[in-house]
Amino acid sequence: MELKNKKWTHDEFNAIRQEVLNQWPTGKDVNFEEAVKYHENIPAKRHFAKRLVKAKKNGETLTQPRAGVALIDEHINLLNFLKKEGEADLLPTTIDSYTRQNQYESCQKGIDESLKAGRSLLNGFPAVNHGVAGVRRVVESVDAPLQVRHGTPDARLLGEITIAAGYTSYEGGGISYNIPYAKSVSLEKTIFDWQYCDRMVGLYAEHGIEINREPFGPLTGTLVPPSISHAIAIIEGILAAEQGVKNITLGYGQCGNLIQDIAAIRALEQLAEEFMTKHGYGDCVLTTVFHQWMGGFPQDEAKAFGVISWGAATAALAKATKVIVKTPHEALGIPTKEANAMGLRTTKQMINMLKDQAFPLTSELQTEINIIKAETRCILDKVFELGNGDYAVGSVRAFEAGVLDVPFAPSKFSLNKILPARDNNGAVRLFEVGNLPFTPDLVTFHKEKMAERAKAEGRAPSFQMVIDDIYAISKGHLVGRPR
Amino acid sequence: MTNKVKVVLGVIGADCHAVGNKILNHAIAAAGYEVINLGVLVPQEEFVNAAIETDAKAILVASLYGHGEIDCRGLRDRCREAGIEDIKLYVGGNLVVGKTDFDEVEKKFLGMGYNRVYEPGTLPDVVIADMKEDLK
Amino acid sequence: MELKNKKWTHDEFNAIRQEVLNQWPTGKDVNFEEAVKYHENIPAKRHFAKRLVKAKKNGETLTQPRAGVALIDEHINLLNFLKKEGEADLLPTTIDSYTRQNQYESCQKGIDESLKAGRSLLNGFPAVNHGVAGVRRVVESVDAPLQVRHGTPDARLLGEITIAAGYTSYEGGGISYNIPYAKSVSLEKTIFDWQYCDRMVGLYAEHGIEINREPFGPLTGTLVPPSISHAIAIIEGILAAEQGVKNITLGYGQCGNLIQDIAAIRALEQLAEEFMTKHGYGDCVLTTVFHQWMGGFPQDEAKAFGVISWGAATAALAKATKVIVKTPHEALGIPTKEANAMGLRTTKQMINMLKDQAFPLTSELQTEINIIKAETRCILDKVFELGNGDYAVGSVRAFEAGVLDVPFAPSKFSLNKILPARDNNGAVRLFEVGNLPFTPDLVTFHKEKMAERAKAEGRAPSFQMVIDDIYAISKGHLVGRPR
Amino acid sequence: MTNKVKVVLGVIGADCHAVGNKILNHAIAAAGYEVINLGVLVPQEEFVNAAIETDAKAILVASLYGHGEIDCRGLRDRCREAGIEDIKLYVGGNLVVGKTDFDEVEKKFLGMGYNRVYEPGTLPDVVIADMKEDLK
């Protein structure tokens, strides 16, 4: 089948479905009709899409952790703990890295070793191996909206199983779960496979079951300028909507400069609304997710609380619909449930203290919104052009051409020509714009911002600046100044 | 062809953490070594093959994502079987799942046959200093 | 001697000095000439006034904890720990509550019991009992600028001893260390006694020794509107300057609404500069201190970290010269040194991440600055008028008249007619303006703000709102909404 | 003259924390008691004298600032000496220096002769419920 941004027919979808369900023995337990009935009985308070819509209406910012362990009971325990002790509004199920690579044999080994060791040796929950019945035990034991969070280039079987089991939200996308998470999987393939996932969600929607979808906003989590992640988020939103998805959350990972971060969320909302409507997906409900700083964290827990709090504060001031919360253990390892709950409570306190405070639309903020929008438009328009009016095709060609480019990405399909660095106020700019299709004005803007910082630091803009910025937050600063 | 000392670098298993890899690559190369960087998602055999092909003096294995314990086991044996039993094996990153006492982790990985084990957040300078000592 | 805001002559000062030094046996070891020489050898990096001036110049926000224990070695240990593990820029010596009430016998009991118990049974460092030599051991064992922090209505002997011992900063003031800290000590007496302290600092200044003075900004720490604490801070600044003090830090306790808090620091700087210059004290160097939330804290440490971080963020965005740091143990008891260091490191991380970010002067911010300035001017002008051009006399009369009034103050010399409550955005307003000499416009402003909140909450403004606000932050919110 | 049950309230020793005192005063009065509020900085004898003068049924002692252990010791004896040995003594606040396990603190203050000991942050409702039970 040729890659196009075009809604799959039922035949096209069904032609592949059997093959997907045969990828691992647990696939055979997926029964779509039964799953639809199952979903019909999921109450609103456990329904991800509905909870988000309510939050958006009320101007709330909901909290959500990351969490997943190898074994079912342990995982149930963990989620309930995070709800009770962490006061989490939304709950995740983070999938382990073997599942993400479709290495279900390794998962089995991890499950077995975890059983033996009495602690999780997997970095997440291997949902495919646990199968529909196993996953439903989780769904039925946790009284909160549940989402699958992963990083899986081919997430078709995982999607079939977890959604059939009653999950009401599914993270990922053909670009955002490839470029940061894979090395040599082609974009054609992942975009195609994610059309499958979106089409599946669309099918549920056709049967009256609304499932929330969330492209992965932060990408590599490391100094990704807003326009890059926005362009990808909006493309993935469009690709999803075309397949019939009706409830989409677009994401952005905190950069650290307050004005830039608030501008990013506002720009994302405005641009997404505009592009989705323009392309005929105006019936899709959009919400936003703000990720607390996704790059390297300080090892010291007290300092980590500072980073977590700043993310919480920014999320609240930006009025994102939800915030993904880090923990004081971030730099060292998967957090204990206690540490995870602490990150959540710190965040909750901050959000509650800030929820009644609006950040005024200042000229600085408006300028930043304008810059982000202008850049994002440059990219999106060029992608559309490269694809001759097709964002799916355009995305593949854009990555080849470096029109889309993600800093520090492991994928060989990302050109890796751009280099981000912070400006003198800590906003993430481009030290090297690579092949991004920016107007000369925008290129000059970035150059000037870098020159301003270089001058303040008495050194020429250089790769060392990039390195210094990568370490900066983990060493207690935002901008990586020379010592 | 250079006569620089060669080292193989990569992130093992199903791990895709790329940032540290890129920085290590940059720093070790700048320190005068030739780095054969396999990037992320590298299976054990690829490390061994690359080392044999390039006659590398060390393999630098990174594991960030928590499965290091499972992924790194057996690499020493594989080297032995392939006839490069004396190659130096370094390992670093966030080797186990969860925040753990590093002494325990170090003991575990030394026991698996690694020559040097690095704690989370180790800076490139530290490993380069060790390479200077080990790879003469 | 009659109370007047007039620099004491040397004779007036010396007439009292002997009596002060006789209040407790350790007083006799104070030797002014020797102390001046001692100060001459204190290096700049340990000099409070100099460090503040440097920070102001560089736009830094310095961190300072509260800390004090009963015994000398323990105290040295504590301070060094906070410097090393807490990365504190400035160090305090918090004085115990018996010393604050001049109950030196009880201090001795506390010291003895602490020695026996092997842990501090006093809530601070009893400096008077330890005497000049004992206090110097602290000064010489800690490599950082040191300040005495207390809450002592009659702090003359404490000042003589600690400054002779080499402290380079002294907190307190005749109003700010009376109204929140005492019940039945008259304002005449405390203002008079603090003129003594200021005159003493002035004497050092005449000998070329600059000692920093800091009126206690937060007062009762509980919903004190900025104009009230600003008026008192500026009066105490003027009283100090008149006695010859040349380096003054004016303080403000966080209220929690970002715009109001930033506006408060800006208004404080601008007004203080203006009034000091107007009254002929333009040669006085002014800096500011921002206190992280001084009211009731959440007991949960994770939530406390949220509150601490918000204070840190606000201090940094407001560009206060220093920030006084709370700890995760705040709600429960005097912190361990580890908890204290954690609060400091969280704060440091936040400040470092925000130091390069400026908060734009928006119209909302300017409006708030204008309100605070207008209110403060109303109060200051009326105080001046009541005192017939004398702020000392005026202050006494103003408190009698309720022109100066501090919410929840224990002192019977505060009328306690005003009642503060938060508005719908969490800014602290007046639910009851009492006898504050506000213009009708300002009174209306407060009324409207309260009405707006009342409407949003569907209840009439009432004392219950005040109570709800007192508990709000400790219960995880800023505004105490009805449940 | 009312026939309300009377209680004496105050913050003991050199302690000036006034906010909780004002709130307790308000809440307990609203619950129908007559509160003789001595405010802050109250010495032991003042509590006892006020209780005798007003024929109060309980003395509510607050100590927030950390010296509670030293300040509160001996109040029961003083009551006994003054002939009001059966009066209820409640104590609450942040009774000791530092964050401490409350069970220990409670035991210590019960041992000193207090009838009820309250942990930091206790809400007025709790003490009022206890008063309803104790002061019939």
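So that you can tell them apart, the chains are marked A, B, C and D in the order they are listed, and the count of residues begins at 1 in each.
By our rule, a residue touches a chain if its C-beta (ideal position, glycine included) is under 8 Å from a C-beta of that chain, and two chains touch if they have at least 3 such contacts.
Source: prediction; values computed, not measured.
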{"item": "Number of hops, chain A to chain D, where each hop joins two touching chains", "value": "2"}
{"item": "Geometric centre distance via CA averages, chain D-chain B, whole Å", "value": "66"}
{"item": "Inter-centroid spacing, chain C versus chain A (mean Cα positions, whole Å)", "value": "45"}
{"item": "Distance between chain centroids, defined by C-alpha means - chain A, chain B (Å)", "value": "30"}
{"item": "Chain B, residues touching no fewer than two other chains", "value": "none"}
{"item": "Chain A, residues touching no fewer than two other chains", "value": "none"}
{"item": "Chain-chain contacts as defined at top", "value": "A-B, A-C, C-D"}
{"item": "Chain A contact footprint on chain C (complex, rising order)", "value": "256-259, 298, 300-303, 305-310, 312-313, 317, 341-350, 352-358, 360, 362-365, 424-426, 473, 476-479"}
{"item": "Contact set on chain D toward chain C in their complex", "value": "13-19, 21-23, 26, 39-41, 65-67, 69-70, 94, 96-100, 120-121"}
{"item": "Residues of chain A defined as touching chain B within the complex", "value": "96-98, 100-101, 103, 106, 109-110, 113, 119-123, 151, 180-183, 220, 222, 295-296, 299, 329, 331-336, 339, 408-410, 412, 463, 467, 470, 474"}
